[in-house]
């Protein structure tokens, strides 16, 4: 029995090496935010196209870029998803490793929501409120141009119009793309409303960034892990708390969770799509041109993703909470896919 | 009693039992010698009453014999003795019967007193009896010596007893010659003569028991039986081992 | 012949044996036409010496008993005779041990073959967790001593008969050997040992775990086996040594103090230590 | 002055009280344990059992030849627009629904996977084509959730995923007896899906199966061989001591480290593909090896030395001694260790993360070289999905995993009992 076991394993290893040279499924890595959308496309692609269903790993945007840019060849992923645009450093890394031609595709937008239990009072916040409530250091309330450790304990401290409940926000940890986007769009957006801070952007960029992006660590902001379902469960248990998560989770849990309106705009599908909701971000995927033709189905998959049936105004991705782009933008990217326009930075 | 080794058994109860047996035997030895001395005394003092006491005292000795045998049986059953312990027990078993029989010989002497001085018969004259006194001293000395060897297992003493045993034969010859001169002097002595010869015979047996005891003591110490060997062989063997 | 007798202290005697590097065993170590001869055997556990210059013969068709206080090295010595000590890594043996004239520690001596020639029975009955039949047949199969099944059956039956167990187990040969009583198990172990027809059987306190009746059976068996085998038995029961053996060897703190005919040892031992031990004067 | 008897008697009551208190501590501890376990099982079960039933809606599906381009052939059946067929059937059912938004809501009643089911149905049984016939189609997950009573129709419409018009349509179907909850076969026969109503556990089961098989085939023989060598045959010296210490340490290393090791060796050096159960099994075998070695060694050490002596005594060589006697006796203990290791491996996700097995994989793997995922990963992925209907699937997957663990353990208990019966 033992002998046969060993030979079986040996056989496995041999076939493994053979297989390594012939991969017949698309391999996709990257952002956990794009993951719910990419998987839907992949599944439908697998069922309709005759190609194998792509394999999608949720590695985070940064992790995905790292794997994607590691080189050309069947052991490297064909496509990476990203909840932000590729960075210059990542692009350079790609180039270094021989990943010369990369097609950049924007697939739509995702709104970031500050949600709370339906039992709680619905808040109407401004980005400035959010910044003052969650930044580690805030401008001195006496008007002098200096930063002091965040003194605010309740929302009423921040803005007298808000209810006097304790500031308690559940959100993703720093490793998350959602957190990055939240810091950039919500916190920095509020931060910029102080003119002298805004001026810092020109004089001292890193000080500006740390002032605007650093989240307080005194317990008002609670890192709740990457699992958005968990945040939603906790919100139901604690009506005083707010949570930071993607729009799709609000969409799916609209019966128990409500989203706070920001700058007077409620987090609703149409309002995000037309750009009036301020805290939303673009989602991308990047594909390796060199793999097209080597791994079957990459071109077809990209076509499927950028078809109107998927990311169009009424495409099935919108059911999953993706906020579609304008028709022109869509046109631009589906053309880029067809022409395999290489990204250059 | 001292053991061969300075230390006793691991089972101290074993030692106690051996000591108990030892003192029983020593007591028998003392009693046997005393019986003989008392018996001879009655002869000398013509005290027939005391002679009866001596005879009845012999039962004490018999009782001690039975006691000692019981103790030996118990020890063998309980302790499964080997080597020196085994030899000692076997020898002691024999020693007690020697002592018991020595006591019987003393009783016979006391019997002489009763025979001579009770009733109508004519008592023997003092001269004839003197040989008996001498011989009795000699054999009781032998037994005393044997018993002291039993205590310290000094085999030189045992050889001495064996030698005394050899001399006993010579003494017996001369005593019998001496007796026959009395008969020739006065034929009336013939009546007592047989009794006196029997008495001398008893004393000789008493000495024999003492000698046998000495032989058993050699066995205890060296594990070979000397009872039926010549004295020179015995001495040689002792020297050799 | 020996002056130790005159000494009046076993402590002194012990020191004279133990501290005296020139101590020579008392009694006749040699026998005519021996099955096994041991000369100047030393055994070391790492740096600690356990056996000192032991020389003794094991005669043919004789039972030699090895006695001595615990830790005296009698079992260690016994285990040298079939190289059972090889399994203990730190154990080292020097000196000559020869089975029928062949040095068993020679390079050319195969230990498997040696153990087939020198069987062993252990203190605790240790039948394999297999059937009675398989217990006896194991060694036979291992060494290929039976050409076919019927021959194997025959060997098993004969061995069980010799071990006096046949009548008790012939109706349950396929039942586990571990299900037998203690005494039966030990006889099964003896049957297992004799099934491979060894030249010499070593027994390491074979009755120490048994009741008196089982012990008596085994002792009877040993006496019968003596007709065909040479037997070396280690025992802590002096009575048993006295009962079953023809010769007895007394070990003390790794040295062989005295060896001689059993009758002599138990009635008039020569050496004071032997006497002290067998009469129960020190432990 | 109190006698010994009085002294002892005076303490007795206190002693017995202490004993009974201790017993109660034990009972309470067990009770707490049972309560926690019971809570876990009950909540998981209550969440999960609903997955056994799945809502289907009966539609009058228009399969007239017109739908197949006029002619019913194999090609036309395979290539027909089933999405359109279903949508037109829905429209026919509710002709008065107008407006894009309302129509989308209407189409949303039926799972968007139903078209594939319909296609497969027809390919298998082409005789169905040519007529308008009632066919049971898989309902959307929202409908399913509603049917299982987890959407409260009394809530304000804005708070519901399922709007009033949709509930109205469903009510009509219910009145006509055309909504039915049927046994959820797809859950047990399909791979993962982003549509809860189509998502199945079978892909993960097969992935787990292949992974554990690879893990077992590697780890058990290697672990047992290593344990036997170290325990029975290796010389006792510093090197073996060092190895022993290291094995013990390895057993305490976080499992993710083994994943990274596997990434470095199997993927980067040997170039094995990502996401395949073969690599997963290899990585998990690295993780379980120390457990198996340690418990196997303990099992070997527990074999009484008298058995070894007996075997050596009749002339068995050391290897024969081990193979004939020690190993069979140690086998039950070794199996226990192996099963503990494998059960641990079965529930592991962390090391699989870095080698790409935490991925969305739809196709059911057919072998250890096909991309696959495993049960705990499936649980993790589902628990992180926004759709409500995944909650019950998550719980059901947990139950399946528990069932697997129970099956694995019972199998070993049986095996062990069987082996132990050889005395």
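Each chain gets a letter, A, B, C and D, in the order it is written, and its residues are counted from 1.
Heads up, the rule we're going with is that a contact is a pair of C-beta atoms (placed from the backbone, for glycine too) under 8 Å apart; a residue touches a chain by one contact, two chains touch by 3 or more.
Everything numeric here is computed off the predicted structure, so don't read it as measured data.
A.B. asks: Top contact pair of chains, counted by C-beta pairs?
C.D. replies: Comparing chain pairs, contacts are most numerous for A-D.
A.B. asks: Of all the chains, which has the CA centre nearest the overall CA centre?
C.D. replies: Closest chain centre to the overall C-alpha centroid: D.
A.B. asks: Indicate the whole-number Å distance between the mean C-alpha point of subunit C and the mean C-alpha point of subunit D.
C.D. replies: Each chain's C-alpha centroid was found; their separation is 60 Å.
A.B. asks: What is the distance in Å between the mean C-alpha positions of subunit B and subunit D?
C.D. replies: Result: the chain centres lie 103 Å from each other.
A.B. asks: Between subunit A and subunit B, tell me the centre distance in angstrom, where each centre is the average of that chain's C-alpha atoms.
C.D. replies: 123
A.B. asks: Can you check how far apart subunit A and subunit C are, centre to centre, with Cα atoms defining each centre and the answer in Å?
C.D. replies: Chain centroid spacing, subunit A to subunit C, equals 82 Å.
A.B. asks: Hey, how would you classify the chain contact layout here, line, ring, star, complete or other?
C.D. replies: line
A.B. asks: Determine which chains touch and list them pairwise.
C.D. replies: A-D, B-C, C-D
A.B. asks: For a test of understanding, state which residues of subunit D touch subunit A in their complex under the given definition.
C.D. replies: The touching residues are 100, 104, 108, 112-113, 116, 151-152, 155, 158-161, 193-195, 214, 217-218, 221, 267, 270-276, 278-279, 356, 358-363, 368-369, 371, 381, 383-388.
A.B. asks: Please give the residue numbers of subunit C that touch subunit D in the complex, ascending.
C.D. replies: Listed in rising order, the residues are 82, 84, 87, 89, 112-116, 119-122, 124, 126-130, 138-139, 142-143, 176, 178-179, 189, 192-193, 196.
A.B. asks: What residues on subunit B touch subunit C, complex-wise?
C.D. replies: Interface residues on subunit B, with respect to subunit C: 3-11, 14, 79-87, 222-224, 241.
A.B. asks: Name, in rising order, each residue of subunit D that touches subunit C in their complex.
C.D. replies: 235-236, 304, 306-318, 320, 324-325, 328-329, 422-423
A.B. asks: Quick check on the complex: what are the subunit C residues that touch subunit B?
C.D. replies: Within the complex, subunit C touches subunit B at residues 1, 5, 8-10, 13, 238-239, 242, 266-269, 272, 275-276, 278-283.
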